[in-house]
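This structure is in structure tokens; I'll ask about it shortly.
So that you can tell them apart, the chains are marked A, B, C and D in the order they are listed, and the count of residues begins at 1 in each.
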Amino acid sequence: MILFALVAMPLLAGLVTWVVGDRRLGVGSAVAIGGVAGTLIVAIAAALEQPTHGLDWGGGLSLTFEVDPIARGPLVLVPLVALAVVVYASSYGESQGRARLLGLLSIFVGVMELLLIAGDLLTLIMGWELVGLVSWALIAHHWRGDAPADASHAFIVTRAGDLGLFISAGAVFATSGSLQFSGFGAFTDGGGAAVHVFVGGIVLAAFTKSAQLPFSPWLFSAMSGPTPASALLHSATMVAAGAYLLARLQPALDSVGWFGPLAIGVGLTTALAGGVVASVQSEPKKLLAASTSAQYGFMFVAVGAGYPAVAIAHLIAHGVFKALLFISAGAAIDASGSSRFEDMRLGRSHRTTAALAAVGALALAGVPPLGGAWTKEAVVAAAALESVWIGVFVVLAAVGSAFYATRFQLLAFGSRRVDEPAPTADRAEDSTELRNRSTTVLMLLAAATIALSLLWLPWGEEQLLKVTGGEFAASKLWEFVISIVAIVAGAGWAFLLWRRHRLLTPSGSPLSSVSDWFGIPAATKVGLVDPVLALAGWAARLDDRVVDAGIGRVSVGAQATSRLLARGDDRIVDAGIGRVSYGAQATSRLLARGDDRIVDAGVRGTAHFAAWFSRMLDRFAEYGVDRAVDGSGRLTGALGRQSRRIQSGQTHQYYALIAATSAALVLVLVLWS
Amino acid sequence: MNEVEQLSAPLAIVVVAAVLVVGVYVSSVVDVVAFRSVAGQRLRPGSAALFPARVAHRLSRQQSVRTERPDMILRVLAPAALLGLAAAAVTVIPLSPGIVVADVGTGIVLFGAAEALAIVAIFFHGWSPNSPFALIAGYRFVAVALSYELLSMFVLIGAAIPAESLSIGAIVESQAGLWNVIRQPLGLPLFLIVSLGVTFSGPLDLLDSNDLAGGGSVEDSGMQRLAWQTARHAMRIAFAACAAAVFLGGWHGPVLPGGLWMALKTFAVIALLGFLDVFVARISAERFVRVAWGVLLPLAFLNLLIAGVGAL
Amino acid sequence: MIDVAFVVFSVAAVASGYGVFRVDSMIRATYLLLASFLNVGAILVLLLAEYLGVALLFMMTVEMIVMGLFMVMFMMNPAGLNPMNMVHQPRFAAAAGVVAAAGVAVVAVFADFPVAPVDAESATTRELGIELLGGSMLVFESIGVTLLATMVCSVILSSATGRFGDGYEGSVAPALEPGGDHRPADDLYDPDAAGGMDMDMDMGDMDHGEMDMGGMDMGGMDMGGMDMGGMDHGEMDMGGMDMGDMDHGGMERDS
Amino acid sequence: MNLMTVLLVAAALIGVGVWGALAQQTFVMLMMGIEMMLNGVILAVAGFWAFAGAGLPKGQVLVILSMAVMAIELAIGFALVTAVYRARQADMTEGIGSLKG
């Protein structure tokens, strides 16, 4: 019952909001906020008592809903973040289409909760697909621009990954005949090729969903959605699904040898690359997007190292402060009226926002005693347990995160100095909404972020242990020291560049290509998205382009060749024959003149015969050859016309063809068997 | 259902014929009474009771007009088909406890089919004389009929739900405790609307209506007209009987024998239809169509919902 | 008894089915088709599929009512007051029909099917109901959804003022060469449109012969295939037929 | 009345349907031909159900399925006829010979 409410409440609230529409926005936003708040309460209740519920689907399948210990944290996190986001969204942007935005956000919460309480792969796939769909709708919210294109880019990429989920579902169902998560452990221990297929599919789906390399770029496309959508999508819902899935199934997946290394490798690569990308980004939202990929890389490392609980902990902390950062970025964009760093530096004009954003930035940088720092330490510890070098690399990635966190804070909310050029874009007229609404939201989120600092206390730690129900790697002192050094190094470096005004990468520089994920998006676009999109149009044009035109050309060509042949024949053959005859006459005349009368008659006779023969030859041969060539030409032309006739566009003729063909088919089938 | 006994063929024919003849006459008398009462004429029982007979007599001797190149087959077929359908519809309705002419398991659906075919017959009536007004009337009727055809089926099915059977006998028995008219308050009104429509009377008098100078019957005269009127009244009987059986609890009732109850209820419905015929003004076709699709059909769904919930 | 009924019904079904494509009056054609359906429904009842038979009765009746309206809307000479014969490729069609029938008949005669008759006592209607709402629930539901989709898209297809502008937009043929102009609806005929002159020729070969209405020579009628549409059936006059009927034909479409 | 006879009747109906669908020029008549084929199909299915299917309810479901097919065919067909008439003023198959939109 609780679980049902957990999913149904936000869905209904969202639909109601959407239906109520823009005219009565007050009601709509009230409904949406209320729905999400209610969901939060229900989620807490569900997390506390962990109910399970089964639903028989038929055909041997059944939907299972349960609250796994792993899922408890995210279960509460999603509506919590969503509440803040919805409150922010209720005053975001122009009021036109806001009801849709709010409704979709609320629906988003519902489907994500469905995904979280999934107890079997079927339910999970439902939630998974729905999440992808809703995020598509959210990204395409501003449908007038090129947002739809970006949305379909993101959608198609994630969909391509979802196929993995289907494949693994097929594998496990074909082998064990059940889709229950509980049965997966036994299934994977059983071994066999199916297991590898299964794990591969799951991992693929998870990587695409949470934007690990090489699928990261779709997050940038997702940036063309409205800010609240991005905030929700990056912090707690869409992207979180992948990490959650791996953490949830980690016990089953880990039985395959290559799972751990793969997850660690990809995660680490993404973390490092994301750090680099974020360090040269020139737009706050994209910087945050890149950092999202990087942070999720941390989580994958943790899962790969065998500590799903750590990953979940980091997911929770990250969700909170990433939402905070996104909303503050949105606030900065609203205030500066531009989406680029050049026009920002709102340190003086918006002190509160800057201060609140600073909290998030510190958490992102992993500065103790904030929660984010603690979870990152846990990741480092887990990685170091796997192997020291991995730990070192994670620390390197941490340097990156410290760097870009500082960079974000300084560029967006640093104070503009006199010698800097004035912003090009004009400031948004009234940032009053900014001041009252989003500030409260930011305060809420910042409070949550700070509250997570309790993790540093032993009490908080054991609470977290209780919630996630997993164990953590004991953090060693030297790791702590190293990462503190790393943070200081990264932040200090950023400050140094800031002093030299070199923190902001000029758009023309080679770094700008790096800032676009090293051109991977082009690759995916060419390799995956464009083909899919092109397929439709191509199929549509096939008939006109190929069939009709092709047949038309055949006939035209045929006629041309026939004409050509005819003419060539006239030229060559006739002329040839003509010359033969003239030659013959000439010789005969010569002979006639040359000799005396003795053989005159005979010779004249010969001459006459030659002349006659050549004339005959001329007439008949020419006639025959001419006819033959012309005839062949006409034949080809006629064939061309006939072949075009098939394409008459006459329905009944098509029907006739269909009837004849099907009769033939039946005949073949009968004779075959 | 098991104690229902089929009537033998000849007996069945006799019964149906009797029901129809009596019913038709009564229904025409009801028409006369209703008309005179609304026209404010003085009501003399004797003449009122004899009026239909007189009309029939006059029409039977009248010569029948013939239009140019009518569709003769359909012209003859139309009244015959309507009458036959009415008879067929009556056969599936149980007349008294355990006595039903033809105990069909899917009686209610059969009734619906007969009703649909009646629409066809009525369209023939408008089509066949090859006359403008008649044709317009026929089209108008069909256009409107399509909009309440679904209605009737939903209502009847709704009545069949509590009985858990499609046989009308079972439906009647299911009303032993509580009549459907109370159990499904929306059912009877909707069904009466359909009845008005198929017997093209009252607010739905869109076939033989005066605004088309007599509409479908503009060319009718003599036996043709007589047959058509008879068939129309027979249809009314069928609907009244069905309403009585399906919604008013059929033969259930205190004291009196079941057959008598059935007759009384049928008569009550006939009288109601007859008075609605003259007391309610004609509604314009397009407006009714809008109402039918927009309001009545949802109401029928609601009725179905009520029935389903009640059956749970 | 049952056999007699079966013979009667089946003969009636086939005969009326044949009549559908033989009579001139469109209304008669439609309702002959209905008659054929009714007979098949009766046969279904004989086959103990009682509900199916009656449902076929009901459904087909309503369906044919609609069909009749469309027939009158879209056919010239709906009342069949003039003899007319609008067919093409008649020999091939007849041959195809015979072949199809023969094929099925051969199967019917020579194939041996399992003999497992339904027992007369079983309550088939109840079984059907339980099956529909039980095992075959999915099928049933998908039928429902499909029908819903059908309603929606038929409304969209046939609505005069679609979502892409008003009816006039739809009533003008799209330009046949890119960038070409929109020609008004009444001179739609364009040789290019039907693939060149020889198109006309072969249509001529096919249709001239078969298509002659009430003595008036339909030589122009084959390009009429394209041209025909241009002339409004309402006004189309046919040798010596009462204008009354045609007016209804036209008026029905306009209204 | 046995399976063979029923199937023979069905065969006749299907044949008539094919003939009509191929020979008729008007869209509506053409659709009538298709309806006729489906009519025969329904009869055949019911025959199989009654004589060779041991009265399995699924057979009846198949009949209902083909009824639904018939209804859909009719609805979409009429919609298309109307749309084509609007676009091309054509009511016969020869009227839409053009191979472009």
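Keep this in mind: contacts are C-beta pairs under 8 Å (C-beta built on N, C-alpha and C of every residue); 3 or more make two chains touch, one makes a residue touch a chain.
Quick caveat, the model's predicted, so the values are computed rather than measured.
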Label of the chain whose CA centroid is most distant from the centroid of chain B: A
Looking at B-C and C-D, which pair shares more C-beta contacts? C-D
Need the CA-centroid distance for the pair chain B / chain C, whole Å please. 31
Any idea how many Å lie between the Cα centroids of chain A and chain B? 63
Distance between chain centroids, defined by C-alpha means - chain C, chain D (Å): 9
Roughly how far is chain A from chain D, going centre to centre by Cα mean, in whole Å? 44
Residue numbers in chain C touching two or more further chains are 51, 55, 66, 88-89, 92-93, 96, 100, 103, 194-195, 199, 203
Note the residues in chain A that touch 2 or more other chains, in rising order. 647-650, 652, 656, 659
Of all residues in chain D, which are in touch with two or more distinct other chains? 18, 21-22, 25, 93-94, 97-100
All chain pairs that touch each other: A-C, A-D, B-C, C-D
Of all residues in chain A, which touch chain D in the complex? 544, 548, 647-652, 655-656, 659
Chain B-touching residues of chain C, taken from the complex the two chains share: 25, 27-28, 31, 34, 50-51, 54-55, 57-58, 61-62, 64-66, 68-69, 79, 81, 123, 125, 242, 244-245, 247-248, 252
Complex contact set, residues of chain D against chain C: 1, 3-29, 31-33, 35-36, 39-40, 42-44, 46-55, 57-58, 60-61, 63-65, 67-68, 70-72, 74-76, 78-83, 85-95, 97-101
If we count contacts the way the header does, which residues on chain B are in touch with chain C in the complex? 68-69, 71, 73-74, 104-106, 109-110, 112-113, 116-117, 119-120, 123-124, 127, 130-132, 135-136, 139, 142-143, 145-146, 149, 153, 166
Would you tell me which residues of chain A are touching chain C in their complex? 58, 641, 644-645, 647-650, 652-653, 656, 659-660, 663, 666
